[in-house]
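Read from first to last, the chains carry the letters A, B and C; within each, the first residue is number 1.
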Amino acid sequence: MIDYTFQWRVVWRVWPELAKGAVVTLEITVLSMLIGLAFALVFAVVRRSRIPVLSQFVHGWVELARNTPALLQIYMAYFGLGAFGIHIGAYTAVLGAIAFNNAGYLTEILRGGLESISRQQRMAALSLGMNRFQAYRYIIFPQVMRIVFLPVMNQTIWAMLGTSLGMIIGLQELTGATAFQQSLTFRPFEFYFVAAVAYYVIAKTIILASRLAAARLFRG
Amino acid sequence: MIEIQDVRKSFDTLEVLRGIDLTVEKGEVVCIIGASGSGKSTLLLCINGLEPIQSGRITVDGTDVHARGTDINRLRQRIGIVFQQFNVFPHLTVLENVALAPRIVLGNSRAEAVDKAKTQIAHVDLTDKLDAYPAQLSGGQQQRLAIARALAMGPSYMLFDEITSALDPELVGEVLDALRMLRGEGMTMVAVTHEIPFAREVANRIVFIDEGRICEMGPPAQVIDDPQEERTRQFLSKVL
Amino acid sequence: MGSTAVPLYSSGFSWGDFELMLQGAGITLVLTLLSGAAGTALGIVVGWARTLDRWYITYPLVGYIDVIRSVPLIIQFILFNSVFAILGFRISPFWSGMFTLSLYIGGYVAEVVKAGIDSVPRNTRRAARGLGMSYFQDLRYVTLPIGVKAVFPAWIGLMLGLMKDTSLIAVLGATPPELLRASQIIINRIQEPLLILLGAGVFYFVMCAVISRFGGRVEARWAIERGVLR
């Protein structure tokens, strides 16, 4: 039988510490997505334009982001950059690595979205007398938004969960804060269980919020 | 003999069949016509138990299709069905498409099944495509393959659901030819079709279904050339 | 010994270090293959059960999939490990990690499998049943083969993700160390992080390339069976 007494009060006592961790988690999620999207928008256009050196640079970035573990990317930022005399903190390292990763994946998502809009759509827009900008603004971009919405949301969830890797290099985001607090009490199960619930709630909130946003944006 | 008695069928609250009575004799060819959404496909699906019914009775050679104790998989071996679209197995070659069911359903040996399959494939004139995949066939060839696949089970009845309506016009002929051939061999057939001239040519009886009921039924000379019901006249004037 | 004695303590990258990394890459592959196989088997069953459309099956399974996809893998590793401890199972961190990885990837595979099954046109399944196939014969010979081939590229993507995620098993201190943990051990000793991490990156890159290449090959071979003409 189980002879283990669950003690939830020890977790409750330090909830402000965990909440602080959750704020860091959210911060990095939002920032890494914004940075990632900004890069990806430029990258996707570069990839489609096939400008020689630039396009290959983006291709290399995407491949690196996709084919190495995010933890390795964090190590690279945190330990590896030291070889170039660049020393950054855990927060910056995690933010940088997750943003690097987001940029890579989002580039592919946006590129796929752009590619799926047929040439005819653009032709049709131009033939109605729209200029190139108008064609993008009114015809192509709204369609791309719909197509990439779901993958971008999934990437957001991935980024949010990925911030937990910060714990390994000592960052006090939600998982890191949990690890630190439980190490003072030796009640790993209770602490991590509460953290798991918190992550679940955050993930569901992100999904719910973006669904609501989508319902408003993509009406009709 | 297929006997359909006062069959009613609904999808949730939508009543699709509202009391259908129809008997198909051995060797008979019955063509079902009617507007889109009138319940033609649903009726075929009910005949071999692919959709349940809410009331009434359907028997095939005396066996109640929808009765609890009926071995439906066994009964279906006697009733072949071919659909409008998406019905050949894309992951199997022509030969495998036809040989699969005899092997796993009838329990034939591989050699037996292949033999049977080759006979039926020759029957629909696809022998030169034995190892091709459906993606490499034209629409007409795919439909002939679907017919061969059903025939390999040695059915006594064949049900066809608009098997030419997804085809390019120039491919319709070869598929209808296959049906003519089956008719010549005495196969009992129930065919939903939009090809009115074809129906007039091959059918012993035409059944016009309107909003889930049989509105008019009889030999082609009557239903097509001299319809008694106003609804039939309206429908025919639209499709002819 | 002569004048060219090897120092007892070397701060450089040695052959033994390389072997440790090679072994780590092997462990990474073993973790990926075993948990990938177990998770795929689990995912096929769960994905199929999801298509049955019975609320008492759907609800618990959706719950499982939902939780697995909304909680960081690191936390799952630690939680399952402590659950094993609480329940009194004596299980090594390595196998506890393997268990978690399988359960984790199984949740993702289930969604992909369900999408695959749902993608099979209704008339294709009706045609199978119309030939007299039983429900399970249809599933085994028609629906699963077609559905699985349809979502194969997505499955390859999951396996690539899984391979990268095996690196997180480090939080359990599982032995023998997989590639990234092995690299970390060497870095701690020789203090050459950039070099070692680049090396590890190359390993991961090559392994990913091999899986992708394999996936691409199979996909090309299946193209025609998926109804795509090249």
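Criterion: a residue touches a chain if its C-beta (ideal position, glycine included) is under 8 Å from a C-beta of that chain, and two chains touch if they have at least 3 such contacts.
The structure presented is a predicted model; accordingly, all values stated were derived computationally and were not measured.
S.K.: How short can a chain-to-chain path be from subunit A to subunit B, counted in steps between touching chains?
M.R.: The fewest touching-chain steps linking subunit A to subunit B number 2.
S.K.: Which two chains have the most C-beta pairs in contact?
M.R.: Counting C-beta pairs in contact for each chain pair, the top pair is A-C.
S.K.: Report the most central chain, judged by the distance from each chain's C-alpha mean to the global C-alpha mean.
M.R.: The chain sitting closest to the overall C-alpha centre is C.
S.K.: Which chain lies the greatest distance away from subunit C when centres are computed from Cα atoms alone?
M.R.: B
S.K.: Just how far, in Å, is the C-alpha centre of subunit B from the one of subunit A?
M.R.: That gives a centre separation of 53 Å.
S.K.: Between subunit B and subunit C, tell me the centre distance in angstrom, where each centre is the average of that chain's C-alpha atoms.
M.R.: Their C-alpha centroids are separated by 46 Å.
S.K.: Using CA atom averages as chain centres, what separation in Å is found between subunit A and subunit C?
M.R.: 21
S.K.: Which subunit B residues sit where two or more other chains touch them?
M.R.: Touching at least two other chains: none.
S.K.: Over in the complex, which subunit C residues touch subunit A? Could you list them?
M.R.: It is residues 66-67, 69-76, 78-79, 82-83, 86-88, 160, 164-165, 167-168, 170-171, 180, 184, 187, 193-195, 197-198, 200-201, 204-205, 208-209 of subunit C that touch subunit A.
S.K.: Going by the contact rule set out above, which residues of subunit B touch subunit C in the complex?
M.R.: 45, 48, 50, 73-74, 76-77, 79-92, 100-101, 104-106, 133-136, 146, 149-150, 153
S.K.: List the residues on subunit C that touch subunit B in their complex, please.
M.R.: It comes out as residues 121-124, 126-134, 137, 141-142, 145-146, 149, 222, 224-229.
S.K.: Within their complex, state which residues of subunit A touch subunit C.
M.R.: 2, 4, 63-64, 66-72, 75-76, 79-84, 157, 161-162, 164-165, 167-168, 175, 178, 188-189, 192-193, 195-196, 199-200, 203-204
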